[in-house]
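What follows is a group of structures, each given as structure tokens.
The same subunit A turns up in both complexes below, where it pairs with subunit B and then with subunit C.
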Partner chain A sequence: MSDLAIELDGVGKTYPYFTLDKIDLELPRGQIMGLIGPNGAGKSTTIRIMLGLVHQDYGDVRVLGHRMPAEQVAAKWDIGFASEDMRLYEGMTLEWHMNFIRSIYPSWDAPYAQVLLKRFGLRAEQKIKGLSHGQRVKATLLLVLARRPKLLVLDEPTTGLDPVARHEVLRELTAVMTDEGRSVLFSSHNTQDVEQISDRITFIDRGRIIDSMDKEAYLDRWRRFRLEVPFGIELPALPGIIGIRRDGRLAVATSNAFAPDMANAYESTGARVKSIETMTLEEIFVANVERSREEVEA
Partner chain B sequence: MNGGFVISQTDKRPIYLQIMEQIKQRIAVGDWTEGRPIPSIRQLAVDLQVSVITVKRAYLELEREGVIVTQQGKGSQVAANPGLGTRLQEEELEKHLAQAARLADLLGMRPKELEERLREAGDRRLEKEGEQV
Partner chain C sequence: MTNPVIRALVLKDWRLHRPQITFSITAGVIALAILQLKNEIAFTIGAVWFFISIIVLGSGLPISNVINERKKQNLAFLMSLPMSAAQYARAKLISTLGMFLVPWVTLVIAASILVLRRPETTNGMIPVMCILFGLPLVGFSVVAGAALASESEGWTMGANLVCNSSYGLGWYLIIRIPAINGNLKSPVAIWNSPVLMILGGEVATILVMLGITFYMQSRKRDFI
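Entry: the complex of A and B
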């Protein structure tokens, strides 16, 4: 058995208005990966290729050791997938759905399903058509979580949830990590969720992977320098600095390859380093997208 | 459960630093004593709802600082390290001094003036203690 839960090697797919370009991605078993990127970046397409729901034009996809899409039937026993556009039967109760999933998947954990019902504040006897948006999202997650799949793939699992429900969902996702053999991949616009619970971060923009790496190492590479620059002095273009904003004597420089000696390099030009700040994933997200947009325009 | 750990979203420091600080606090106040086993990385990650890699990073840094020791297969425990209380206070002082330097800078104060103000603060403190005695 491979120690990778997900492995994408040079995967691509071309649509009339969108191209997914040479995607390489690895998720080791026992880890949580957060997939982030702006709207229309290719997150959902990438997820659907992993699941065999969309067939790639080229490249290799392995999920839990199964080649996709060829071996998707075998793979699906161990994969739990939930997305916003998942349809439940409107006229049936949640309990009916639970029994239905249980009849298909032997791994169904009935006591855990009861625990989740309570935690998510859902009632089994309620029909789907009477559920709010947030309740539907939670019902879908319950049906997937209670199967205890080896790999959970969740497309925007916290979108549209109130803060309490969001915390409940994040709690269940991190609880999955008690078992070292299980893995989670989720996409989100909520960078705070991704920053909090992911071991790895994959950043997609316009069909390309910009970064895919260990979260701690990733956050550690980014810094913001606040500088005081005397008039008449030009700030040098240091390698690893991706943007400088200057207003009079004050300047802010952003680095995506931080090294402590950058501060010395600035000081030696006559500038003064007032502070060096770490950045949140949200700030990194915006800086990264802005930069890649500028590259295209240039 | 490790319910007392609280990760703050308004704290601008990375999460691993917050975890390190909260472990050090438990040791400094004497709740976690020498040789006490500390939660496994996975367990603490699940309890705090943060990623395994973040807790791992916090533990690695704590090990490097000599605050905890990790034995293969046995997990981690609080190191034999009686000086920790003092060292934490040293770090605290360092933080406040950095903050004072920053504010002085904003006020356009020269280092000499800041020195003078610090001396005055010390004198005031001594006077107060004198009154109490």
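Entry: the complex of A and C
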């Protein structure tokens, strides 16, 4: 059995106004991957190809060892998928939906479903049309989680949730990961959510993967140098520095391959290093997207 | 229907549309009760109401069962279930056909028995009854075919519009055909060539629509 829950190798799909270009992606079993990208970056298309819902034009997709889309039926028994645009039947109760899913999945865990009902503050007898947006998202997650899937694929699950509901959903996702065999792919444009729960981070923009690696290593690699540079001194183009913004005597250099001796290199030119700052995932994301777009446009 | 997921989807559609089916059968039964009154106006009202109850079901079912599932984004919920796009399409075809055929067959059999039991009814009416009862089935197959094959609200509404506006004209033209009209009071059913041609046309339309639907669905690769 492969150690990878998800494996995309050179996957592409062309639409009239959008191209998903040679996507390579790997998610080891038991890990949470955050797939981050701006709106229209290709997150949902990538996920739909992973699930076999849309056929790729080229490239290989394997999910839980199944070749997709040919073996999507076998794969989907072990995949739980929830997306932001998913809607339940408004006129029916949550209990009706639970019974429907239970009639399909022998793995349905009824006691766990009851636990989730309580934890999410939901009432099974309530009709879907009477639920708030946050409650609907939680109801959808309940239907997915109580199947006990080996792989959870969540496409923007926290979009539109208030902070409390978001916290509850993220807490449950973290709890789900206590089962080490379970893997999660979590797409979002909210970097805070992804930073909170992910082991691995993948950035996608304009149909291309622009970076993918372990979250801690990722955060360690990125630094921002605040420098004071006397007039007449040019800052050297150090390897690992992806951008320098200068305003008079002040300059900000951004590194995506931080090494402690970079500060010495700047100091040796006569610049003074005022501070070396870690960056938030959001700052890294924006810097990465800007750099990628500049590279493409150049 | 041995696949448990397809079976679950078909049962789900039946549960979701139970009120619509019940309403249609109830309206049809009321129409048949009115038809039993010994009065020509009541007979006309009952007949019109009877056909309306079937036609409304035939035009509404494909929209609510096929189009609305996409429009209301329930499809995103279903497509994560362990099935392929072709299996989903097959489940839709089975449930849509079944949910129309059960009330249609029930009401048509009941109507045939009740009408033919009337003392003034002759067997000469049997061919025209077959033609008239067949028209809503033809209309349903056109609308359902448009919905299942195109999955487009525009095409389905267009098909609905064409069918619903054609029933009155169709009945009027059929009744005016002398070879049909002249035999209504015949003591025996006369299956002459105009009758057989019209019935053949109805059957052919249904088969063509089913064929197109099967063909389009067999080519279906993606859910979206």
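In this section, the second predicted complex is superposed on the first by the 295 of 298 C-alpha atoms of A that agree within 3 Å, B and C clash if a C-alpha of one lies under 4 Å from a C-alpha of the other, contacts with A are read in each partner's own complex, and residues count from 1 in each chain.
As a working rule, a residue touches a chain if its C-beta (ideal position, glycine included) is under 8 Å from a C-beta of that chain, and two chains touch if they have at least 3 such contacts.
Keep in mind that what you see is a predicted model, and the values were worked out from it rather than measured.
Judged by the touch definition given at the top, the superposed model places A:L53 against subunit C, while subunit B stays out of reach. Look at A:F100: by the touch rule set out above, it reaches subunit C but stays clear of subunit B. Of the two partner chains placed around the shared chain by superposition, neither subunit B nor subunit C is touched by A:V229. When both complexes are overlaid on chain A, the residue A:Q192 reaches subunit B alone and has no touch with subunit C.
Using the contact criterion defined above for the overlaid structures, shared-chain residue A:S83 touches subunit C, although it does not reach subunit B. Of the two partner chains placed around the shared chain by superposition, neither subunit B nor subunit C is touched by A:V61.
By the document's definition of touching, of the two partners only subunit C reaches A:Q72; subunit B does not.
Of the two partner chains placed by the overlay, neither subunit B nor subunit C lies in contact with A:L151.
If you check the complex, the residues on subunit A that touch subunit B are 30-32, 167, 170-171, 174-175, 177-178, 180, 192, 195-200, 214-216, 219, 274-275, 277-278, 280.
Taken together, the subunit B residues at the contact with subunit A in this complex read 7, 9, 12-16, 42-43, 45-46, 49-54, 57, 102, 105. Residue ranges on subunit C touching subunit A, taken from their complex, read 4-5, 8, 11-12, 15-16, 72-74, 76-77, 79-85, 87, 221-224. Taken together, the subunit A residues at the contact with subunit C in this complex read 48, 51-55, 69, 72-74, 76-77, 79-83, 85-92, 96, 100, 103-104, 140, 144.
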